[in-house]
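Below are structures written as structure tokens.
Heads up, the next two complexes both have chain A, just with different partners, chain B and then chain C.
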Partner chain A sequence: MGNSDTLDEGPTGDERPVGAVSGTSVSISEPANVRLGRGKLTLRRFLRNKLAVIGLIGILLLIIIATLGPYLLPWGYLDIDKKAFLKPPSAKHWLGTTQAGRDVLALTIAGMRKSLIIGFLAGTIATGLASVVGTAAAYFGGWTQRIALWVIDLLLIVPSTLIIAVMMKGGVNHDYAWVVLALLLGAFGWMITGRVMRSMTLSIRNREYVLAAKYMGLPPWKIITRHIIPNISSYMIVDLTLGVGGYILAETGLSFLGLGIQAPDTSLGTLIGEGARMATTYSWIFLTPSAILVFLVLCINAVGDGLRDALDPSSQSGGSAA
Partner chain B sequence: MARYIALRVLNYTVLLFVAVSLAYLLAASSLNPRQIYALRQPPVDPDVIETILRNCNISDNVPLLERYFTWLKNIFTEWNWGCSPTNGSVNAEVSVRVWVSLRLMIIGTLGGVVTGVLVGAWAATKQYKAPDRVYTLASLFVICTPSFVMGIVAQILAVKANNALPWRIFEFVGETGSVDDYPMAAFVDRLQHLLLPTVVLILVTSAALSRIQRNLMLDALGADYVRTARAKGLPKRKAVMKHALRTALIPTGTYVAFTVAGMFVGATYTERVFSFPGMGQYAVDAILKMDINAISAVTAFAGVCTMCGAILSDIVVAILDPRVRLG
Partner chain C sequence: MSLLSVRDLCVSFPSEAGVVQAVRGVTFDLERGQTMALVGESGSGKSVTSLAIMGLHPENAKITGSVLLDGTDELLTKNDEQMSKIRGLRIAMVFQDPLSALTPVYAVGDQIVETILTHSPETSKEDAWKRAVHLLDLVGIPDAAERARAFPFEFSGGMRQRVMIAMAIANNPDIIIADEPTTALDVTIQAQVLEVLQAAQAETGAAMILITHDLGVVAGNADHVTVMYAGRMVEQGSVDDIFYAPAMPYTIGLLGTVPRLDHKSGEALPILEGNPPSVVNLVPGCPFAPRCPMAIDKCHESEPELTATGETQAGHLSACWRLEETKGLSHGDIFEVPVVRRNELTTLPRDERDTVLDIKNLHKHFPLLKGAIYRRQAGVVKAVDGIDLDLRAGETLGLVGESGSGKSTTLLEILELMKPTQGRIVVLGNDTAQLSRNARRSLRKDIQVVFQDPMAALDPRLPVFDIIAEPLGAFGWDKAAIEERVFELLKIVGLQADHADRYPQHFSGGQRQRIGIARALALNPRILVLDEPVSALDVSIQAGVINLLEQLQQELGLSYLLVAHDLAVIRHICDRVAVMYLGNIVEIGDVEDVYEHPLHPYTQALLSAIPIPDPKVERERQRVVLTGDMPSPADPPSGCKFRTRCPKFLSLDADSQARCVGVPPELSVAGADHNVACHYPEVLRVI
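Up next is the complex of A and B:
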């Protein structure tokens, strides 16, 4: 997209293709007579964005490390080295040890794996919920819509972090507490997306193809899944990607406060919380997981931004759809 | 417009009531404060525990709805939010802590919103030039860094700076510290303690907001009416400030409402990291100690914050957008 500062350039700013809504204007600049499918076009646009590609490589790398790491490391994250309590990085423990004698590198990788899984799970749940509620509310209208909007407003006014913390505290202490945490994060995180999807559905609900399907007697759920959702899917993909980053941050935040993942299970947040108490003196426990966390979320956001640009080239404003 | 605002306030009040009630019912049904006494050594007499819990209206032997109505009655008749066996009266705690939180949040939010809007709008006018690129990277970095990480990094740097300099500039534990003996020392001490948490809050708030503002501003700068304003001879600065920025501010107004709710959570981390005895710390302690009444009170406070933000944004939007004001 070469249209830079339109205000400064005045008349030249008009040279950009006016109808740059679909992918047609891009394929004009490609070699003649090569027709590209939507998927290929999107991929091309995505690959053109260097930051997004770096982000994607970063995420894949972290996922590989998270899956393979435990098999390659000398220390398991539950192992306790009784000869090394709170030791700085050394040849034996590359990133040092915690107060309990656990290896920081192993802990970080185990924590990253948990944070990643929770982020993806919560993001999927939230985007799924948002699309179901948002499209149904707009498609059926009337009381369905009124109730859905009211629930959304209600959930927005409740401090979700507090509620999740209360529910986590109230009795989930078993091995699968992290699944519950992911479910809760998703269940309390879909509202704003749901609203956006509702307004997007409103704008396509009365299009001819939707009406045609309706008059041919297709049941509502089929119209929604076949005709409405595919048309808002690009927003869903972007929302899912950015959501994963958001939920990873939410999870680490709760675990940092001691209200999410509890020891001996570990996540990046739990580890940062442990390191935070003595960060000014023994900073290595804090620094590694924090750096990994920031890098991971940066990569996810870069991919999300890249996807947004690739899927919707007409959009200069990413987040203004309301 | 007064009618419009009044209707919104009414709607939010009903929502707030339902939200706080739900929070109470949830906390009261899922948390059991009796557990706190289970590990005490020497063991406490069960009758004594029961009396203590009943005094605070948190005994699980009383039916949930009965507790709920007692709790409601106390709030509506005496403005009494209950008590906890370990922390005493909720009213007393909250009345001190609210001011600590508000001080931090108001400075942080206002500073963050103003910085965010200005930086975002400025970056948009420099689109794809060096300042915009630097800004984009920096804001992305800040958005991806949780406030607790930022707070702790600030502390590590502060320790380094304090050691390198001949006097202590940065203070980061609590609201006040040891006060020296010179005029205004107490005030300076407070400022020193406020400095780092406020900077963190402003950074966190302004980074996200400025990204949105930049995008909105880009749309506005490309709009026909801005070009018309320029074509009729308006200087660039005036066209940007009066025509572009004003329109671009309207959606920001709506966004700020949600920021205020997020602010409370963000401030919780900041309070935790910098040991500020505010509402966020209270919330975390309340959940860890299974203090049902305190949790409900904190939910109400967070709800009121969101509500104030929402109403404020309604008013701001009404002022900025004539279609809302007149329609």
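Up next is the complex of A and C:
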């Protein structure tokens, strides 16, 4: 039925009163020619999504706690209280202690900081690599594409867990082992996304607006960053948010196996791994890091959803202003 | 007793924004053998009406009113299972897009057999197959017995539509509903399909509901017309009543805004301001009132009912509060006709103007590759095969031809600004083969493009400001200058400053096309390449964009290279026209000369295929209908490429025919500014 989208479109163009589109009372006092930039429009649309804002606040809160926490707590995560081994929460140790007498709250905060950094770093590296390689391969075609696909296929058949394990073994005692871990996780995690982005770009690169940009004299990298990447950004954002959660979990798995972060350094994964063994009897060690992990991933996903809707003009978040 | 009588049919859908009142009170009677046209712009409810009659509406639709078949059989109360006994047997439908309406994985013969067997299971398979072949033969599929085993993708668009028609008449239906049956097709194929549709109707004696937005098609094919606007019938009557004594200002305006193929007016087209209203949360009053120059207070207060217009025949109804006064008024009396200011440049004789674009012997060949692993060249598609064009400052050159004739390839080849396969492209004195990278980039400032589909040509992720600012940013304008220029451009193309913050999807088609034009104008180009700039727009919107293009040309001294399939639009805006067939130009010259004295048989066929929105003219017109489809550009005929479809060729004796087969005709001078590539040119007036 050809006309259904015309029907659903709602008020078009002229019928909307001037100024109604900006939706806030501020705009009335502004002169008529004041224009919102693209970033401001996106921000405003993002702020309309309550859940996403809560998620964003949640993430910011966790980041603040992770950064400032160590300075405010009575116990450092490396300190050992020789009078309290494996004690339940008390006034002295708010979330209890571990078998070695370390404060669980301090450990959780330190672990969360590490996990957050690793997750975001690995996720950004993977999504960034995927979008650059995928879009460039599809846009330029020819040899660029062939070489990119060879690399992708090669990396896909390499046993990545094994390689990470081997490389991490050599750097266990290194202070920046976690950076290497994040880099490796990112470097081995982008291939599938890269392929998907390549096929998405293929469908976009012959759209008329891309042709129009080309005939306007825009250089290729600008066409890719302005017209192609924003139009596949909803996929990128979903990938990034799922990725951040995924890499935190991957780090957990590797740490659990003794291949990731090693004591005395800590991470959510190390803590959950340690706590899991005693989860039924000494649950406090396991519960807090797990709850934080779940909350963190939920927040990231809510922000991801909000961003996707804000960037996509056809979503409902434009509606409430109309 | 009427075959089909529809009474007060209303259809509404729930939606996020509110109730969509798609159809509000449609009433009509359809008699055996008659054709009724439902005319309206997109969103006017014409398709929804037909789907509701067929019982094919979405499940969440709310339908009231009555649809009686044979005067007794109420269709609206039937469930899907009962309706499926009527669909295909009593009422058949021909859809707009013949590719998506046929199942791709079954042979077309099998699909027709299925239609037959569903409604008469006692028929043997052999008989059904024979009937399928007979039907395909009837609708003009050559070698029907063999082609019945072919799959939909092996047919061209026109042939697929013929298959659809064969399927529709398989069970001798009483009513055929044709929903925009020719919109997706080329004009020459449209003429063929309309003829087949009429033949099919004659064969079965069926009544037909023809849904279309093309007033020319209505004039040539319909007995009665119902005009719809915003879900409402606004005028109804015999085709002569509607075309010669329209009473509702909307109908009058619609007829007036269409450019005419048969005469050239030097003036701008009268325009219907604004857009059709959204059918969600309708305001009270006549829906056309906001766009109607004759609207009075009453029009904004309550909606007029359909009433008889009186003096003409009984059947002519119209919904307007000021019927008494509209009598005898023409569109020029009601609607404003903008005055186009003339530029000095356009009064200068053509020879004294600068040549802005010069194309010599342009070829564009695409290799045809075969093989999965080792790809070897199996042939060459000669999309453009040696054309010469020149475009002078301030003039408009139109390129016409069926799809596959190489028009769009020519445009893209020019826009690439690269060295062509063969030949030369000179833009403003620069040979594209010798341009450096930087020179090519700075030349892009002077040659810009407006695309056909205004939705596809605007990045949906960018607000309008960024879209228009884009070329400016690419050429390093500073921010303040960009800001100023964008608002200036918005004003030039008739948009408001506060539109800058919105996204393309918040605009109607016509406004989107204006945004596209503003973007193309941003860098002050000298040449504008227009690829079907109005074909995706509604009739009432089209005129505004055409006027804008004309006015911009006069004000800015632009040169246009325009591709369009609508020859009436070409006649209205172009100074010169080039007719293309299979990569060659077969006729080129002054638009008036070519239209009034077409020499090439292909030009004659193209012109004659365009329906004219005038029933009397249509009835008396002799059509040159081309047979078959355009041959594949990978394997064009020898000699004159058009000879396989040429009506002239058939009338020649054997010796003369040998020349057409053996020698490709060259473009030769046939008038002051009129060249033709035909061995036996002869003027035939077709309009």
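Following the convention adopted for this analysis, the second predicted complex is superposed on the first by the 215 of 322 C-alpha atoms of A that agree within 3 Å, B and C clash if a C-alpha of one lies under 4 Å from a C-alpha of the other, contacts with A are read in each partner's own complex, and residues count from 1 in each chain.
Criterion: a contact is a pair of C-beta atoms (placed from the backbone, for glycine too) under 8 Å apart; a residue touches a chain by one contact, two chains touch by 3 or more.
Fair warning: this is a prediction, and the values are worked out from it, not measured in the lab.
Student: Would you check which partner chain A:R207 touches, where first means chain B only, second means chain C only, and both and neither mean what they say?
Tutor: The second partner, chain C, only.
Student: Should A:K222 be classified as contacting the first partner (chain B), the second (chain C), both, or neither?
Tutor: The answer is second: A:K222 touches chain C but not chain B.
Student: I'd like to know which partner A:S290 touches here: chain B for first, chain C for second, both or neither.
Tutor: first
Student: Is A:F256 touching anything from chain B or chain C once the two structures are fitted on A? First, second, both or neither.
Tutor: Touch partner of A:F256: chain B, not chain C.
Student: Looking at A:G142, would you say it contacts chain B, chain C, both, or neither? Reply first, second, both or neither.
Tutor: Neither chain B nor chain C is touched by A:G142.
Student: On chain A, what residues does chain B touch that chain C touches as well?
Tutor: Dual-contact residues (chain A): 3, 6-7, 10, 13, 316, 318-319.
Student: Can you list the chain A residues touching chain C in their complex?
Tutor: That would be residues 1-3, 6-15, 18-19, 21-22, 32-33, 35-36, 38, 41, 207-209, 211-213, 215-219, 222, 226-227, 230-231, 233, 311-314, 316, 318-319 of chain A.
Student: Residues of chain B touching chain A in their complex?
Tutor: Touch residues, chain B against chain A: 11-12, 15-16, 18-19, 22-23, 26-27, 29-32, 125-129, 140-141, 143-146, 148-149, 152-153, 155-156, 159, 211-212, 215-216, 218-219, 221-222, 226-227, 230, 236, 239-240, 251, 254, 258, 261, 264-265, 268-269, 272-273, 283-284, 287-288, 290, 295, 298-299, 302-303, 306-307.
Student: For chain A, which residues are in contact with chain B within the complex?
Tutor: So the residues of chain A in touch with chain B come to 3-7, 10, 13, 150, 153-154, 156-159, 161-163, 165-167, 169-171, 192, 245, 249, 252-253, 256-259, 272, 276, 279-280, 283, 286, 290, 293-294, 297-298, 301-302, 316-320, 322.
Student: In their shared complex, at which residues does chain C touch chain A?
Tutor: 13, 15-17, 20, 22, 42-45, 47-48, 51, 58, 96, 180, 274-275, 277-280, 415, 441-442, 444-445, 447-449, 451-453, 456-463, 465-466, 470-471, 474-475, 483, 487, 496-508, 511, 516, 519, 523
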